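Working notes, structure below.
For clarity, chains are labelled A, B, C and D in written order, and residue numbers in each chain start from 1.
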Amino acid sequence: MIVMKDVYKKYPNGVVAANGINVKIARGEFVYVVGPSGAGKSTFIKMMYREETPTSGSIMINSINLATLRSKRVPYLRRQIGVVFQDFKLLPKLNVYENVAFALEVIEETPKQIRKKVNDVLALVGLTQKARMFPNELSGGEQQRVSIARSIVNSPKVVIADEPTGNLDPDTSWDIMKIFEQINSRGTTIVMATHNKEIVNTIRHRVIVVEGGMITRDEYEGVYGYES
Amino acid sequence: MTFASVSAVTVTLLLVGVFIVIMMNLNQLADNIENDVEIKVITDPAADVEDVKLLKKEVQETAGVATVIYSSRDEELDKMISSFGDELNLYKQSNPLGDALYVKASNPHETAEVAAEIGTYDHIYQVVYGEGKIEKLFNVLTMSRNVGLALILALLFTAMFLISNTIRLTIVARGKEIEIMKLVGATNSFVRIPFVLEGIWLGVLGSLIPMGVISFAYYELYTQWEPKLQNELFQLLSATPFIFQVNALLLFMGVFIGIWGSFMSVRKFLRV
Amino acid sequence: MIVMKDVYKKYPNGVVAANGINVKIARGEFVYVVGPSGAGKSTFIKMMYREETPTSGSIMINSINLATLRSKRVPYLRRQIGVVFQDFKLLPKLNVYENVAFALEVIEETPKQIRKKVNDVLALVGLTQKARMFPNELSGGEQQRVSIARSIVNSPKVVIADEPTGNLDPDTSWDIMKIFEQINSRGTTIVMATHNKEIVNTIRHRVIVVEGGMITRDEYEGVYGYES
Amino acid sequence: MTFASVSAVTVTLLLVGVFIVIMMNLNQLADNIENDVEIKVITDPAADVEDVKLLKKEVQETAGVATVIYSSRDEELDKMISSFGDELNLYKQSNPLGDALYVKASNPHETAEVAAEIGTYDHIYQVVYGEGKIEKLFNVLTMSRNVGLALILALLFTAMFLISNTIRLTIVARGKEIEIMKLVGATNSFVRIPFVLEGIWLGVLGSLIPMGVISFAYYELYTQWEPKLQNELFQLLSATPFIFQVNALLLFMGVFIGIWGSFMSVRKFLRV
């Protein structure tokens, strides 16, 4: 369960990227976050895994109160959340396999389990052939798929994806959506910021529209769209 | 990156090592010079052999006296002749000098006190020692030692600063990586361990060459020069324990700086 | 005019990203480059401004032969080509205004001209308000628009854009397309790698399909699509 | 980043500066010690005042002689008494010694030759000088100077290496930026100029503190100690031209290293 109450975020440069956000996302929901460029979608998402902290307001993730969370405990919060970053955030010195395995190493999974899970998830995103390659040897879409693989490899309770199909061709995008659907059907909460109108309108889910740091529309089975 | 760190450790420790070797040996020289300070006790020319023997014993038993060497009046005359000219040979017939005792204090800095004490004994004509000169010499020696120590400390701190600076920079360049690790759920210690291990590794790697070079060079120097310096004031420190001590110090410094540098540098990026 | 003859590119890790490419793009053309993720679109594009050099084959850009081009002259080639990079490539220590102005400073434009042109192009991409902000203070889409602004600010003869709308919402994407259309109508050649099916199918132009490092289809007034 | 470079320049140059000051002054001391080497010419006790006057003139005109100081036979006797005991007072009635001339060679290393030449003159009883001892002293001095020079050179190279290392690392961290600049059409010199300017700036900034500290410290030292050292063997180098020379050297080194470091480091990234 994700609950935000009166969340307000002002960046040091004065930009208000969240201007009073109130939202509840139940366990197992699939939520699209849409809105124009610069609306505050990424900020909304970053506050969930505490890359950014709100200026005021409270956030609860899986009954963890982020406001009172001691910084020592932040890693344990993050392990419950798989994140696909808008800029991928791959470790440049590790190859594809190691980048994905890293998410399992931090939770001290056994080597055998790591091998199995990483290979499975790489097959899922179609990167088995590129397991030994390094991020700078990958195309944009391949990097994005590594980021996706890493976010789901440890079967987190929540997956947060910031434009996970931005660098993917339509076919691959649909494949990725199938994966998200599948893990969602097994009970994983999914929050996905996206600009992909076709996907939003085809695979219907709850749509949260963010504009100017505020939620201007919040519809179950919604469609892509907002006034601007 | 790694090369930059290792080479920084290498050149700095090499320099530190050379300085330590030089300083320790100079220190040794200073010790020797200090220990070379003597009190010359001139006996009453009227005293007979037995008197002088007793005096010698008495001096020997004085608190603070390390060694006493006897020099007969004839030996003294020879010394005088050799520094003031052969024309004094004519005094060999009737030597006007007394016997002399050359006394060393166990603590050279107490020379004055020891001399004063001896001056109260019988059968003494005069007690001569450097007086003002010795104090001056001690002042100079103490000053040079302090300056030397200050220099070596300054060098050490510079070395530490520069090395940790270098390590920090290599880690700064990896700030993004640390940030990513933290965002993927790594704890601080999980992130830190590899960096600290790398720091140790850097330190060990960086101290190998200095250790090798200094050991080899000092051993060569020692075996070549020690025989020639047999009778000189300046003596090289004996190779065997000294080389090991210096090596241990260098290795310790390298590893310490490596760990410390990594630790400090990673810290900055863990606040994500 | 862009001419590629038998261009073959094998990366050091053994991946063949261009496998015999032959293509001619006339002055003033507008070309979409489409294809699945990892097909070799970015490689195709990177060879044009010489971020990558082909293993064999020849490339001519505006009658400059890249094979014999001395490395001293490479900057002058690049000044004739505006590039929107897939990963934006903004200078982190310069703000938005300075990042865009940089493309004019290298050609030693007068300060007055720089001011005018930069302000104009920032207005065009809708970033006038953010001119003094730094790249790390921008959303993904805003960074992409800075990259677009920089690519067109010095009115290059050729604009090469690698997924310029990957991080943009549909409305902003259409705005950007309008800009590209406009500069294309003034005679600028445009080569644009994209995954945006809607755009390709709506604003009809020549479509080059790249698959496995080869051009598998090349149609004037084409539509988005390939077999895979 | 900039702080790392500037502070590396600062501490290294400070150390180099201190070493240069010390070395230059020790060099001066070595000069003074060398110049302190004397030949003692003992005249024939039978020679009369006129003979000695002529001899002194003759010695003074000998090639290679710098100074000649006359010491009467009575003064010589006083010296002897003060180092061998008061009992020699009885020789004051009939002084057996001759007058002495203390001679310094203009080039101390030619002492032996000068002494030999003087030895051939009339009215001379004996020519005494350190002989073996002097050669040994010179050997020690030459060696210490060489070691000192080697150390200062080693320190200089270490400093240069470390500083350019640091600058290189700060630029490595900006490799991506340089790459982007090149991809946007910047020429090599366009990319390089700001980095080289920054290098100069780093160098200047980094040498300011060492220059200030050394100037101030040396000036204080000089004004405080110079009067006390009036009659000592050890003299401080006069503050005024020396401070300027050291400052110029430090500034030059800082700027040179800054430029060189930037130049070398940027080069690596220009191949895009």
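As a working rule, contacts are C-beta pairs under 8 Å (C-beta built on N, C-alpha and C of every residue); 3 or more make two chains touch, one makes a residue touch a chain.
Just so it is clear, the structure is predicted and the values come from calculations on it, not from any experiment.
Note on connectivity: the fewest chain-to-chain touch steps from chain B to chain C number 2. Among the other chains, the CA centroid farthest from that of chain C is the one of B.
Per-chain Cα centroids separate chain A from chain B by 65 Å. With centres taken as mean Cα positions, chain D sits 69 Å from chain A. Chain A and chain C have Cα centroids lying 28 Å from one another. In chain C, no residue touches two or more other chains. Residue positions of chain B touching 2 or more other chains: none.
A ring topology is adopted by the chain contact network, closed into one cycle in which each chain touches exactly two others.
Looking at which chains touch one another, you get A-B, A-C, B-D, C-D.
Taken together, the chain B residues at the contact with chain A in this complex read 177, 180-188, 190, 271-272.
Put simply, chain B touches chain D in their complex at residues 1, 4, 7-8, 11-12, 14-15, 18-19, 22, 42, 45, 76, 80, 83-88, 90-91, 96-98, 125-126, 128, 147, 151, 154-155, 157-158, 161-162, 165-166, 168-170, 172-173. Chain contact summary for the complex, chain C toward chain D: residues 49, 51, 71-72, 74-76, 78-79, 83, 85, 89-93, 102-103, 106-107, 150.
The part of chain A that touches chain C in the complex is made up of residues 11, 13, 15, 34-39, 41-42, 86-87, 133, 137-142, 145, 162-163, 166-173, 195, 197-198, 224, 228.
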